[in-house]
Amino acid sequence: MEARDIRTRVLALLTAIAPDIEPATIDPARELRDQFDFDSMDRLHFAMAISEAFRIDIPEADYTQLGALQSACAYVQHRLGASARP
Amino acid sequence: MQIEFRLPSLGADMETATLTQWLKKPGDAVRRGEAIAVVETEKGLIDIECFDDATVAALVVAPGTKIAVGTVLAQLDAAGAAAKPAREPVSVAAPAGAGVTARPPAVPAAPAAPASAAAAARRSRLSPAARRRAHELGLAPEVLEQRAAGAILHVEDVERLAAVTAKATAPPLDARTAMRNVIGTAMARAKREIPHYYLGHTIDFGAARTWLQRYNAALPVQERLIEGLLLAKAVALAAARTEGFNGYFRDGRFERASAVHVGTAIALRGGGLVAPALLDADRKDLRTLMHEFSDLVGRVRAGHMRSSEFMAATITVTSLGEDGVETLYPIINPPQVAIVGTGRVTERPWVQDGSVSVRPLLTVTLAADHRVSDGRSGSRFLQAIAELLAAPEKL
Amino acid sequence: MAEQTAAVSPGPSEHLNSGAATAAARMTYREAAREALRSALQADPRVFLMGEDVGRYGGCYAVTKGLLQEFGPERIRDTPLSESAFVGAGIGAAIGGMRPIVEIMTVNFSLLALDQILNNAATLCHMSGGQINVPLVIRMATGAGRQLAAQHSHSLEGWYAHIPGLRVLAPGTVDDARFMLAAALACPDPVLLFEHIFLYNMEGELSAGLAGVDIDHAAVRRPGRDVVLITYGGSVHKCLAAAEQLGAEGIDAAVLDLRTLRPLDDATIMDAVRRTRRAVIVDEGWRSGSLAAEITTRIVEQAFYDLDAPVARVCTAEVPLPYPKHLEDAALPSPARIIATIRQLLAKGEA
Amino acid sequence: MSAARTGAVTRERGLRLLREMLRIRCFEDRCVQLYGELKIRGFLHLCNGEEAVAVGAMQALEPADAVVSTYREHGHAIARGLALSPLMAEMYGKESGTSRGRGGSMHIFDASKRFYGGNAIVGGGLPLALGFALAQKLQRQSAVTACLFGDGAVAEGEFHESLNLAVLWRLPVLFLCENNLYAMGTAIERAEAQTDVSAKARVYGMAAASVDGMDVFAVEDAVREAVARVRDGAGPVLLELRTYRFRGHSMFDAQLYRDKAEVEAWQKKGPLITLTTRLKALGLMNEEDYQRLERESGAEVEAAVEFAERADWEPVAQLERFVYAEQARG
């Protein structure tokens, strides 16, 4: 799956669990927590959404990698790469 | 037979009189209808008549003294008259005409206020002042009424409701600043009206944290718990067991709530705080609670709040989460009587059994209403929370 | 014996009570009213008092006791029981250059003089195109509470406050009983002064350094945040008692004494309503077409959007006042009924 | 009006009249004491000294005749035949009183005895009496209306309006002016330019006479003759009954307006003394008769007081009843 597809899907997941965030205003590199009061429940919801969408299990230890949009996409790519599917 | 001769009431609005002159002295005989003394009243000098044939035994009041109606003026010896049934003298204060036997029926507190003609359909109503305030805050009255589920909304209600709905439905910027001061006034009023006292208690969060990590490791993402939930459950159980922290302070007195609904504070994007309630948090297991908590936050984010939920909280928990400072001193959310606050869990030195080690420590603070509870019961409440968190498996 | 009419020179036209400012003193409402009459009679030779048994008998409520001895039969005139005649005479004498004070024993007997008051006193100035004004003061006792039964317990201030051309005052404190009369006498129009019978025995503090009072404004007798009790005359002390008791329960009730019933001081009333957003009007009249009804309408017209609750009224039950105390007490406004009304007003649930 | 024809003065008639007057005197003396004990409240106007007017007048009326009285009405009511117990209960304000306890001393009513009440507004009863008489005339009844009032009412406009209309329409009304020389605190000569009330009535073309209100025989004879005239349709009559009240206008009265010597002078020629002196002089009664009648009256009054003490209050829940008539349903 192309990096660009992953990014659009991850962004869609993020706005789904946090509809009160304006997508255009997201700075991909910055921690979501700092930009939008993204608390532990939001992060759990984000992890659940990604785990379901990409059918990958995410150990708690990896949560920190989902802290910003860019790192989240990279994490997904990495996890998908590792178990690449046609 | 001894008779007490009392100052009679001479007029509808006569309460006192001044004895000016005795017309009889001890030993004198007095016939029925004969004047025995003269008193000065608002209307002038008036003779006081004796209603029995008697002889004067003793004069009790000296001329020149001001006396109330009913005061004993003299003692008389009735000249052999048949003993009249002594009738209970009516004290001036008692409702005049209180007969010996018949008691006047108690005057009812108030005739029942006329019931509104047809009980208005369960449509909630906005007072005119509330309607104008809603307009000022950029809120559509219909939305408010739908939120209020049948209650009458006053200005304070609108301000509290506005704190939620205006935010959740991403209102235009100026409304957000209006929101800011609305929450400000609500907080200021709570601070002013409720006599807060504050207690802090640092606890070793290690046990809870390791238990949680082990619990979550065995489960997929969807079923995992978060630290905030353990705290909410611990507070719920502690509130159920300690008197004076779970309920409301209204009309001048504390109403103990039978159920424990824990308001969990959720920070809104761009400012503001709401605390929808986890209903019956003391009786549900962690799994169910987590499911409800997750659903609650999701709906807050999406702006679909049920008014009953954030009106139902009987106590509130608020936390700064992972990125806050160590200690938080919250303000009580009226009409509740207590709120528990937690700061960030931090690795700090901790002395136990004489040796020092590095532990994940958490400072739990309590702000409570001094009209209902005090420092002693407050610290018992915080210690209960600490003990519960020390045995997370039992939560 | 022929009545010699002493030569009467017109006194100073503007004669606010020129007596020196008073020292603080404790006196009854009755003594304050008597002092007001004495200083009015001393201040202006055109002033004279006329009414049933105001002279020899000393006044039905002893307010005028001693005045006959001090001012003589020409200026303290006992009248026959002819209300229409002597009230009409008061109107004529006022137009003729005197400053009469007519005492109608109680408002219950004023019905016999209502035609003179309405069709002459209140109307002559307007009807004559401004040529004639009627500088007359009429004092009446009013109200219930002494078990005098139906014909002697009316509270009809609201009737008179309905009539354009009259000014209607309700002194509810010792200060007002002492100084409203002078302001009324200085007024070029007919002024009705209602003295509630329950107040005569009431003791109070006459404020020090007071030389006069205005008759155009209401007065806040007790500030408060949660609700305002709007009242007058004989009900003021009931509202203060209710407010005191509510204060102990954390409900902060303000008390507004109207003082003038016509014209009503709308500005002060609306200000009080805006501060508390809840109003209860306590009026001893019957509620239908009462003063309370008029004030409620004005609040709805001028302060509708400042209301958090409908305006409530505590009035006398719509019955002729019964003689027995427990029935009279149940019929009249009382602190208990005022408190119950306020509690219901503040309740959150269904109205 | 010819001099009153004098009815026969017999022992039976004398003692009957004396007994009625003693019942009134004893009832009212007990009321003074009860007022002092706060059992009776409000205003209390006593007819002490005017008993001969009440008894003399009521003896001359028929049961079907209507009676309109004033707030000084206890004597009229008792002489008209109202029982002492409900009367005393009314003074207390109890439900079993003559007016269900709601009227008190000034508002006693008994429709069954056509006693249409006290009235606290001076002169208020005169126009009412015209109405009762008009109804009697229009319904061709032989009954007449007796309207009692004091010298104070003479100064009210209603006195003029009522007398004029009564003569104009030849109404069967008997105006009984109980002239006790004082309108509350104002002596009649300080209130009336013309103090001869009967002279005032003649100005309207009404038959009128003045009677010694202290002589119960004279009062009864004069009223009996006047009632006969009115019943014959000869038009209204006014009788001025000259009398005097020994106590204050009402309870709270320092009587600054008259001196004690005047009161004592009148007390020497009071209604009871006048009657007993005459009967004793004629050998028709002795002191023992007087003591017996006084004891009997005292006992009857004490029974009435016990009745009133035991009687119940009207429940507050009934406060609003009878503001409007309750038509007998069904």
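Worth a mention:
The chains carry the letters A, B, C and D, assigned in the order they are written, with residues numbered from 1 in each.
Just so it is clear, a residue touches a chain if its C-beta (ideal position, glycine included) is under 8 Å from a C-beta of that chain, and two chains touch if they have at least 3 such contacts.
Nothing here was measured: the structure is a model prediction, and the numbers come from that model.
By number of C-beta pairs in contact, the leading pair of chains is C-D.
Chain B and chain C have centres, each the mean of its CA atoms, that are 40 Å apart.
A straight line joining the Cα centres of chain B and chain D is 62 Å long. If you average the CA atoms of chain A and of chain D, the two centres end up 105 Å from each other. In this assembly, the C-alpha centroid of chain A lies 78 Å from the C-alpha centroid of chain C.
In chain A, no position touches at least two other chains.
Residue positions of chain D with contacts to 2 or more other chains are 41-43, 93-94, 253-254, 256, 313, 316.
Residue positions 58, 146-148, 317, 324-326, 330 of chain C are each in touch with at least two other chains.
Chain contact topology: the protein chains form a pattern that is neither a line, a ring, a star nor a complete graph.
In this structure, the chains touch in the following pairs: A-B, B-C, B-D, C-D. Residues of chain D that touch chain B in their complex: 29, 32-33, 35-43, 92-94, 250-254, 256, 308-313, 315-316. Chain C contributes residues 30, 58, 61-62, 65, 146-148, 197-198, 200-201, 249-251, 277, 304-309, 317, 324-326, 329-330, 334, 336-337, 340-341, 343-344, 346, 348-351 to its touches with chain B in the complex. Those residues of chain C lying in contact with chain D across their complex are 52-53, 56-58, 60, 78-85, 108-109, 112, 146-152, 317-320, 322-327, 330-331. Only residues 17-21, 33-34, 36-37, 39-42, 44-45, 47-48, 51-52, 57-60 of chain A touch chain B when the two sit together in their complex.
Interface residues of chain B, counted against chain D in their complex, comprise 6, 8-14, 33, 41, 43-46, 49, 51, 69-70, 87, 89-90, 92, 94, 96-97, 99-102, 104-105, 107-108.
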